[in-house]
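These are the structures, in structure tokens.
In what follows, subunit A forms one complex with subunit B and a second complex with subunit C.
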Partner chain A sequence: MGRQILLEHINVPGINTFDVYRKHGGYASVEKALKTMTPDEVTEEVKKSGLRGRGGAGFPAGMKWSFLDRKSEKPRYLVCNADESEPGTFKDRYLMERIPHVLIEGMITSSYALGAKTSYIYVRGEYMYVIRILEQAIQEAYAKGFLGKNILGTDYSLDLYVQPGGGAYICGEETALLESLEGKRGNPRLKPPFPAVAGLYASPTVVNNVETIAAVCSIVNLGGDEYAKIGIGKSTGTKLISASGHINKPGVYEIELGLPVEEFIYSDQYCGGIWKGRKMKAVVAGGSSVPILPTELILKTAKGEPRLMTYESLSDGGFVSGTMLGSGGFIVMDETSCIVRNLWTFTRFYHHESCGQCSPCREGTGWMEKVLHRIEHGHGHEGDIDLLVDVAKKIEGNTICPLGDAAAWPVASAIRHFREEFEYHVRYPEKVKNPKHFELEPFVPASALATV
Partner chain B sequence: MAKVTIDGIEVEVADGTTILNAARQIGGEVVPPAMCYYSTLKDTGGKCRVCLVKVTQGSAKDPRPMPKLVASCRTPVMDGMVVQNITSPEVLEARKGVVEFLLLNHPLDCPVCDQAGECDLQNLSYEHGVGKTRYEEDRRTFEKIDIGDKIKLHMTRCILCYRCTFVADQLTNERVHGVLNRGDASEISTYIEKAVDNDFSGNMIDVCPVGALTDKTFRFKSRVWFTKPLDAHRNCDKCCGKVVLWTKGDDVLRVSARKDQFNEVKEYICNECRYDHKDMKDWTVEGPRHIDRHSVISQNHYEKIDMQKLKLDIDRQLTFQKGKQLPETTNS
Partner chain C sequence: MSKVEFSPDTLALAQRIIKRYPEGRQKSALLPLLHVAQAEFDGWLSPETMDYVASLLNIKPIEVYEVASFYTMYNLKPVGKCLIEVCRTGPCWLRGADDIVEHFEKKLGIKEGETTADGVFTLKTVECLGSCGTAPMLQCGSDYYENLTTEKVDTLIEKLRASGNRSTYMKSNMQEL
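On to the complex of A and B.
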């Protein structure tokens, strides 16, 4: 097992309470930052650490912080994006549920670095029990003097609030999140201006993922340079991976970035191989939005090098033969799973979650879902596959926010890598009527289409 | 001031002008279409995506191209920016895609729609749409509702441009309608039927680019191209009082605000002018309304050529083309 930073004390009984967390070195970063460092020094450490946003896009967190408009006279805000709704991703929930204080600690340290006097944690509405856990933790932090006026006797004051969302995936997009936080309909804003200039209440705002903020604690404790030694190249530190699907040991794993994908899937320390002794068919490596990859491409890149769990290695080959690390929602599919059915499920999700503001996404996601429904239920016809590719292409890049891209990428990649399976569905409608059709009759590309 | 090149034509515009408005200063073919942007309503635009253009050079300082197509109605120009609109196949392809998306759930009931003939979506589909649809499923449908005593809402026809909500926000005291639900189930609606009731609500009809919001006092009275539009005015203490009367003989069938060449109202009118003065005697008629001869409303009845305006058009074209040879004119 690699180095554990975020989940080091996860199994300590009572780690969700302030006292136990403090006993295990909790809130050290707040003490260190507030008493011995200036806000700019904290920002500098985060920059040096090379920490990249853990929410999906992988944008360097230190750089995002440095974009914050510090000349503005308006108040600055730090908002934690805990609207974790990506299918296949459940790492933030695990973290907040088990060690809520690591997030609170990160929020205090980060708010100090950014000069925010008020900060928010925006949690998706479905995580109501997590909200209660967080509120409990915040109360404890207030009682112990880590939140509120003059934290630890310094002249820094911070108020921290938890805001439940209304249950919309789109509110995970940072500007839609801010709109929702302001009490409006959660429609993404047009950029520019970016939140760093005009975010929450038109004030400079930084929006970071739960895991990013939690990682700030260890960066301050260890020092940026020390943290940057973990991982490979520009992918530094550890990452929480939510492993799910047809594996022996699904769950949340903390890995050092740079771990080979093969080791992650087959090692007993992590996923423990494919269940029921079956073979692996495909992997969605970073949450439902990223391109799906077949076994041969997820284990090795197109150049034949072993693929590693890093931002760079996973995206090696672009979208032709690569994917993305995304938010770390690692979904493994065995040989009996149906790619078309899986894609239909994903697309149904995006159709349901499109905000309806801009036309390509509003109309296109519904269209793709209907065509995929048709193909999966044996009513598809030749031409539907090309239609899907074309619709996906017309959505991609033409929308206000990345939801359109997120809906288009899985469709484009599934057809790119598994076109034969789609053709099989179109040509043998009778065989695919049963939802478990590939369990009854495994799909073998060559023989399945040979008769046509 | 910023110099920007759109489709090879250079224009100098004030800082902060959007690409779309810079193109409008050039005029003609290079103006991207706009379904949701409305120059007289703040914060509109960016939603329909038909005005997407390609920026091949960001600015003189930073000549990198922009990675994606951008919404020209909301992207400000930079000095030295180079933009491609109709000269970029990528833009035309994307625009075709957007038009297809807009028509996906649109009922295409133009033969019975009051907006036909002056509909932005109709014009747009003539130019960028295709004759056949690739969509096989049922279109989404909604019940028709009255959102005010004078306005009928056909949500089925709506393309969710949000213009009418901006009218309610910016021209009236209180907005009582908005967008409910999300995705392709989202709809413009009021929680309480017939809730829209204030002096400027009628402008929602004028800004609607399609036939989703129609004037109940004009519904099914006449096709717009059988009516004769006249510029007229009256002294009104609530609004500018400058309107267009849509007449048949001596009957005033409809009163609407005046729209410019981009189909946008510059001066809004009040409901009293719009609904309560359907009598020629109430108005001072200024003369026939200029209707673009390409519009179906003109019904081939071309008005006499305004030589002064023609000369202005030619001069303007010459300035921008900078001595480039004009295409040969054909007598049509």
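On to the complex of A and C.
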């Protein structure tokens, strides 16, 4: 446990420059792949590694690559998803800012495997300063012969560009991202066709997250089988976790998949425990879209086994008692936080970010925001809680893209696990009028009192 | 009002950006060019500016309007010289974003969404900026200000007021978008 791959050299001065990065083994995967492997052999290693997409859905990267339509006459594209806008997630920014070359290297090696001659990194527009850093790194890579015509004297050529977004969470959804890259509004496309067949400019396209692409470097260097030994079971490798909220040490941590959640939260190596000596109340483990869990269920599964930082363990119990690893946005809430208010901010976010194409998402997120606003501000009605559950249910599964689900899950799970807190808001409106109500007097569920 | 046109340097940059995409796909340059245009023309996109961008890309003006109105970073109305964008989503709220917004409102004498009478500051609240580990935070132009406290806000207001520069997402010395 505790192996560092992506962030191994993070603290080396100058690691953001080509020369220092190269001195620490950088660009070895490009040399190895281009000079000693065929593109299919690279894809094969990625398959063997068991690497799962780090953007949120956890889809096996090698499998996605093998779906790419290689028979088409059209050019193929690799597009890196650096839109990173899921609340609670900031790991891609950290990686690109601190070690930009690991992404550039991964882009070159991956583009070679996929047969792409032109690739794009789509970065959310707000990260404009990160775009500068990437552009600088790309220029260095061109100057050193790792990009452009006949890379390292081989017959492989690649051009790599950075594309800024314009501020829209929905452009993280891969088909919306492609629309945006074509200069349009970020409206997700109906699938099929999948990007692997008709993606950017209706050509075969692979879209992968920053961290997924960066991981390809070590997979090629170590070999897929070796990489697969890191982690546990089907959760292979390391994962960057963005830790935020009420912890002593917020930040980005690289963990080996399989680390116990409890160790991640309380050990000084990672989050360093809950701030101000308080107790933990709840965790949103994988970015704002995943179900929230109360302390007892995030530390242990319903079966009483220690919860681990893996795709499988975090989702153990399904949505009844589990959650998801998602993008690795780990948001911790202490005993003074108001579940309703936090949820209201999330729902406001989804309403704001809905592209508006499907009525259940466009209207439903608006409703949920409105109802949550009135509950939180002491104007809730009897029946509002069931109304929320009902609206969430009607959105889920009825939309073009998963943003609808992403908006529904947090609402459904917060009510599932913290219903009493919602009821308290409706029943005692005067007690919640002060926005800091639970900071002044932490909420204690009646069920807890009953056991005293 | 003078005619809307990029300076020769900016025009050259625009041409380089357009070349990044395959033949016939110049529309892909729209989002980058809108950022460039917004930086060049006072921090917002007037109808004339958007028409000009349409002409550069050989597309219809409506294709520009529909895109500019979809994305939050494009201002379709004039904004103050310093656009203060405070993040208010969950993780930032957990660490006191509300207090930061309130402090700005008090210090600047405006409400969220408004511009000060002297046209220097516009205060806006925005959704997660990917900086939740250093919450609360705000963005002004291309700069992130993190781990904010009310004291830091006071210093920042002074600094921005004194500098007199317009905040833009693009810094002129790094024009190679």
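A few comments on the model shown:
Definition applied: the second predicted complex is superposed on the first by the 445 of 452 C-alpha atoms of A that agree within 3 Å, B and C clash if a C-alpha of one lies under 4 Å from a C-alpha of the other, contacts with A are read in each partner's own complex, and residues count from 1 in each chain.
Going forward, a contact is a pair of C-beta atoms (placed from the backbone, for glycine too) under 8 Å apart; a residue touches a chain by one contact, two chains touch by 3 or more.
As the structure is a prediction and not an experimental result, all values here were calculated from the model.
Legend: residue contacts after superposition of the two complexes on their common chain; A:L190 is shown touching subunit B, with no touch to subunit C. In the superposed three-chain model, the partner touching more residues of subunit A is C, compared with the other of subunit B and subunit C. Shared-chain residue A:F59: touches no atom of subunit B or subunit C.
In the superposed model, A:T118 lies in contact with subunit C only, and not with subunit B.
With both structures placed on the common chain, the touch criterion links A:E363 to subunit B but leaves subunit C unconnected. Contacts of A:E353 after superposition on the shared chain: both subunit B and subunit C are touched. In the superposed pair of complexes, A:L387 makes contact with subunit B only, with no contact to subunit C.
With both structures placed on the common chain, the touch criterion links A:A168 to subunit B and to subunit C. In the superposition on chain A, the residues of subunit A touched by subunit B in one structure and by subunit C in the other are 168, 185, 352-353, 355. For subunit A in complex with subunit C, the touching residues are 75, 84-90, 92-93, 118, 124-129, 131-132, 135, 159, 161, 163-169, 180-186, 201, 242-246, 250-252, 284, 288, 329, 331, 333, 337, 341-342, 345-346, 348-349, 352-353, 355, 435.
Across the complex, subunit A is touched by residues 20, 22, 25, 27-32, 34-35, 57, 59, 63, 66-67, 70-74, 88-91, 93-95, 98, 127-135, 139, 142-144, 169-171, 174, 176-177 of subunit C.
Residues 45-50, 52, 68-69, 71, 74, 93-94, 97-98, 100-102, 104-105, 134-137, 159-160, 162, 178-179, 181-186 of subunit B are the ones touching subunit A in the complex.
The residues of subunit A lying in touch with subunit B in their complex are 168, 170, 185, 190, 351-360, 362-367, 370, 374, 387, 393-394, 397-400.
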